[in-house]
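What follows is chain A paired twice: with chain B in the first complex and chain C in the second.
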Partner chain A sequence: MTTMLRQMTTRGTPYLFLLPGLVILGALLSVPLYKVVEYSLYDNVIVERNPTFVGLANYTNLMTDPGYWSAGFNTVVFTVGSVLGHMIVGIGLALLVNADIAPRARTFFRSMLILPWIFTAVVVALNWQLLLNPFGLINYMLQWMGLTSEPLDWLGDPDLAMWSLLLISTWRGYPFIMVSFLSGLQTVPRELYEAAEIDGAGFWHKFWHVTLPQLKPVIFGVALLDLIWTFQLFPLVWLSTGGGPGRATEVLSTLTFRLAFVDFQFSQAATVAVSILIISAAFTLLYLRNEARRL
Partner chain B sequence: MSRIEIRNLVKMYGAHQALHGIDISIQPGEFCVLVGPSGCGKSTTLRMVAGLETISGGEIAIGERVVNGLRPKERGIAMVFQNYALYPAKTVYNNMAFSLQLSRMPKPEIDRRVREVADILELTPLLERKPGALSGGQRQRVAMGRAIVRDPEVFLFDEPLSNLDAKLRGQMRAEIKRLHQRLQNTIIYVTHDQVEAMTLADRIVIMRDGKIEQQGTPDAIFHDPDTVFVAGFMGSPPMNLVDCMVTPTGLKLGDSEIACATPDGLRAGARVICGIRPDDIRPAADQPGRATATVPVDLIEQLGTEKLVHFRAGQHSMIGKTGGRVDLAEGAPHPLAFDMAHAYFFDPDTERRIR
Partner chain C sequence: MIKTRFTALALAAATALTPLAAQAAEIEWLQWFAAENTDGFYDELVADFEAKHPDITVKLVTQPFGKVRESIVTDNAIGVGSDVLGLNMPWTKEFLDIGILEPLDEYLARDDNSFATSDLVEAPLGKIDGHTWMVPLNAFPFVMHVNMGLVRQAGFDAPPATWEELAEQAGAISALEDGISGIGMPFSSQPPSNGPILTFLPLLYAHGGRIMADTTPNFDNPEVVATLQFLKDMNDAGAIAPGAASRTGGVDLEEFIAGRTGFMISPGVHSSSITSRNPELEYTLVRVPTNGETAYRVHGWEIGIAADSPNKDAAWTFVNYLLSPEVNARAAKAANALPGNLAALDAVREGADETLLKQMEILSGDTPVEEMRQSPKAAASWSVMTEEIQAMLRGDQSPEEAAAAVQARWLDLAG
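Moving on to the complex of A and B:
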């Protein structure tokens, strides 16, 4: 009896230490998660005292709502565009700051190029709004160089807004990718480049045959992680364009926010949120499987 | 097959001078081994021939061309690296074919060459594997195969066997020697292992502190060393090098006197470094009629076919040899015979040979 008790206490000790963490995690994660799913099955939640259970009606409404589909399409464009932008700019800059130049200059460029990462989304969005303003610096430069005669409304023109948003998102997101690739690049043995040089490889051949294969696991993991983050990114989009002009840059996260806190349709908002949750979870599973395979 | 001329080669790293005017002339088809302790500049010299390091001064010519300004791929060289440097994502086949693919050789020709070399090196069953699935020895052979398929004018080897265990190293050493007999290419081979240098080389270049200490055939290096450093570097166990005093009849070694002929220039009372290989010091019974001295034997190392006899002469520890079956007591004085006909004498100040 006593041995059983002792066994239980020794086995239980680690869980006791985990308890505070588990409680916090449960309160802040599981409860809201459960609530959101629950809301999506009712009508008139929060605003009515006794909401009515409607089953999957919210979901069928959503499936027939063109606004939802257009937001979904925008989300895909925004996510894929951002991740591609991060990847290309990140790898390019990582290669540059990994170059064999004076160590001081290298440190300087490395720290400068990480800067976009340390600003909060509000600061980033406001600064880019100022830069991209019809009377802002970028339009001034373009006109001065003679590239455009009229100032362009980068964030206000429906044809340009998504491109501008992608520019901002790329600027904001590349440092993480760059740092990841930089650490990846530093693990590539120097001898491989030397062997490739003797084999007759130029810059692109070395990049294609030595660098990329060595970075492949990093690229896959980081791209997936970036995909998960960007897919549900809210503050940068909301603060830069607010989903506008019209619905030109409306993504699922801004749609959720608009439905909930502008239109007070909490049930619909919860339904959109659940749809984001499902897709994000799928990506996350993919990511975890990839990480497990690497170990 | 090309000759290689290295003339007054200098390498500077900032203010530090790593190579002080190296001159080596390698004949077509010659197997030249650069050997020396770490940091002596042997790898730097090799990498400068390869084009992986810039040349601070002097000239390197491969064949009739000065290659100073040429990129590695334009020099007609192939190199085998210490850590093999195989492309991990490529199969053995593609590792070997890569340089040919880059040179836009027709596919059937690439295939013919790769398979031929794979056949020579017994890599045919491994062609579809990736380097990660190979043993150390197999990787080593792939690295050599990658060099051979290019049919280069010159092979460069940078300590290619140092990552293998002793047994495999012996096998690969013989394989490289056989390959050289077959292909007859000019080879520069860097190692810190004096056994590799002795067994493989047509010409050994011994380097120290960025300078050439001596170069010549393995025989000349081993049996006719110019300096104390060369005498001590080649041979295992190393040559005994002891400070002696010249006497009218021979040498005074610690407390013992050994009768022997000394070079003409040495007068009685002069200090000299005497070098004598362990093979030339044996128990008096083994080689009668030689100069003997009775010395305290403090340790016997049994190597099987022979025993190493550690003894003290004055404050010097010295090593002699005897047959593996000879019974010799440790910790007792024993008469040892010194074959002074094969002793070497060096100036203690310049460390150069007195002939």
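Moving on to the complex of A and C:
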């Protein structure tokens, strides 16, 4: 009996140390998660003192709501466009700042190029609003170069708003890819490049046949992570366009906020939030599988 | 022995509870007013109140205007709502439906109030569902702010008084040079996305139109269509600043202050920002150009009491203090607005600048209108207006179609 108790104490001690962390994590994650799922099963909550249980009716409504599908489509365009933008600009800049130049210059460029990452969404949105204003710098430059005759309303024209948002998102998000890719570049053995050079490979050949294959797992991992973050991105979109003009840039996260805090339809908002959760969870599983495979 | 112990216990309990009994009631006041008045006026006001009412302490909770509405709703839902609430008239019906507000009829009928209800600005007092729900701390009409320098440069001596003059002068100012616009129209979708209630409604009221028939949406009427047509014509003529669909109220104000816009329709209270931020601007404010009607959109900062407040009497004592003519005059002067208690008008008039005197003239002679307070979903309603006006201005629909679309979507919202 004493031996059993001693064994239990020895084996249980690590779990006791884990307990506070588990309790906090549990409270912070599972309670809100449970509440959101629960809210989505009622006719309305928060503003309704006696909510009625409606089962999956909110989900059925959502499936037939064109606004939801339109926001879903915009979310896919925004997410895929942003991730592609982050990858192309991030990888390109990582290659540039990895070049064999004076160390001081290299440090300077690396520091400068990482700046967009440290600005808050509010600062980024406000700056780009000023730049993209009809009387802003970008329109001035375009007119000065003779590329447009009239100022363009980049954030107010439905045909341009999503492109403008992608530009803002790309500027804000490339540093993460750049930093990840840069750290990956340091791990590629120099011998591989030397061997390629002996075989007569130029810059592009080395990039396609050495760098990219070597960094494929890194690229796949950060792209998935970026996909998960961007898919549920809210502040940058809300602060830059508010989902407009009309609903041209309405994504699922802004739709959730609009339903909750503009329309006071908290249960509908919870339903959209659950749909975002399911899709994000699928991406997260994919990411975890990829990481497990790398290990 | 038992008796002695019982007595000791009772004495101990009484001693322990004594501080509680003597403790001041603490009330919380959630508002955005102090965020727009950064010189500490509201802290001083609260200190003055506490000195006069040692049994009540007031916790001032200040948030930006755009955050207050959602805070009131969510705080109320989880039972941590404030006792006294800073309110905006358009929120009234929404909050009633949720049960956030305490009816004030019984409080207003008290004999020991520091003010007469008949002296209060009338618009926020109007009964909805048979009760009064808020009282006015201050009031200001929507006006048209004018850059007289640009008006003169465009060849005119006086600001426009009619729609026709407005269109003519705004067009002429836009033609002056690149980067200068006749009038700004903030129809951005960005939160709070309320451009139409800032600019379209004041023009509509000055044309004699309305958007509601009691609590029923009534948007597709000829006056609304005429006002939309007026906006579209000005836009097509280049009189409106480019980029209306991405122009926020904040940008509109900044552009006017910077001297790049001839006219701006917004609350009169903005005059203090304009004169303090750009004293060089040749500035004046006038009544929103009319077509013969002298109705204006009235706005103000209102106060209510939370239905769930455990300290309603203490909350009313504070509201009563704020509405007394002396305190109300101070609050109005601090915001460069008109007092909610009209008995304080003379005190406010003393030493008032020209812009405030002009607002007083509008407020005393013209008809005040505020319709959004009857809308069951005000924020969603003005968001819909914004979207349909955007589509009209870019030529995707006619004014008639825009009016019909808003009406249909409003009916949908009303359920």
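Please note the rule applied: the second predicted complex is superposed on the first by the 295 of 295 C-alpha atoms of A that agree within 3 Å, B and C clash if a C-alpha of one lies under 4 Å from a C-alpha of the other, contacts with A are read in each partner's own complex, and residues count from 1 in each chain.
Heads up, the rule we're going with is that a residue touches a chain if its C-beta (ideal position, glycine included) is under 8 Å from a C-beta of that chain, and two chains touch if they have at least 3 such contacts.
Values in this document were obtained by computation on a predicted structure and should not be read as measured data.
With the C-alpha superposition on chain A as described, chain C and chain B fit side by side in the combined arrangement. Contact with neither chain B nor chain C is seen for A:14 once the two complexes are overlaid on the shared chain. After the superposition on chain A, the angle chain B-chain A-chain C between C-alpha centres rounds to 150°, nearest 10. By the touch criterion stated above, A:262 is placed in contact with chain C alone, chain B being left untouched.
Using the contact criterion defined above for the overlaid structures, shared-chain residue A:239 touches chain C, although it does not reach chain B. Of the two partner chains placed by the overlay, neither chain B nor chain C lies in contact with A:66. When the two structures are aligned on the shared chain, A:200 is found in touch with chain B, with no touch to chain C. Contacts of A:210 after superposition: chain B is touched, whereas chain C is not reached.
Put chain B and chain C next to each other and count what each touches on chain A; the higher total goes to C. Put simply, the nearest alpha carbons of chain B and chain C end up 49 Å apart when the two models share chain A. Shared interface residues of chain A, touching chain B in one complex and chain C in the other, do not exist.
Only residues 50-52, 71-73, 77-79, 81-83, 85-90, 98-99, 102-103, 146, 150 of chain B touch chain A when the two sit together in their complex. Remark: chain A residues 189, 191-192, 194-201, 205, 209-210, 213-214, 216 touch chain B in the complex. Only residues 69-70, 73-74, 77, 94, 97-99, 179, 188-191, 193, 241-247, 251, 260, 377, 379-380, 383, 386-387, 390-391, 394, 413 of chain C touch chain A when the two sit together in their complex. Taken together, the chain A residues at the contact with chain C in this complex read 45-47, 49, 129, 132-135, 150-151, 153-158, 238-247, 258, 261-264.
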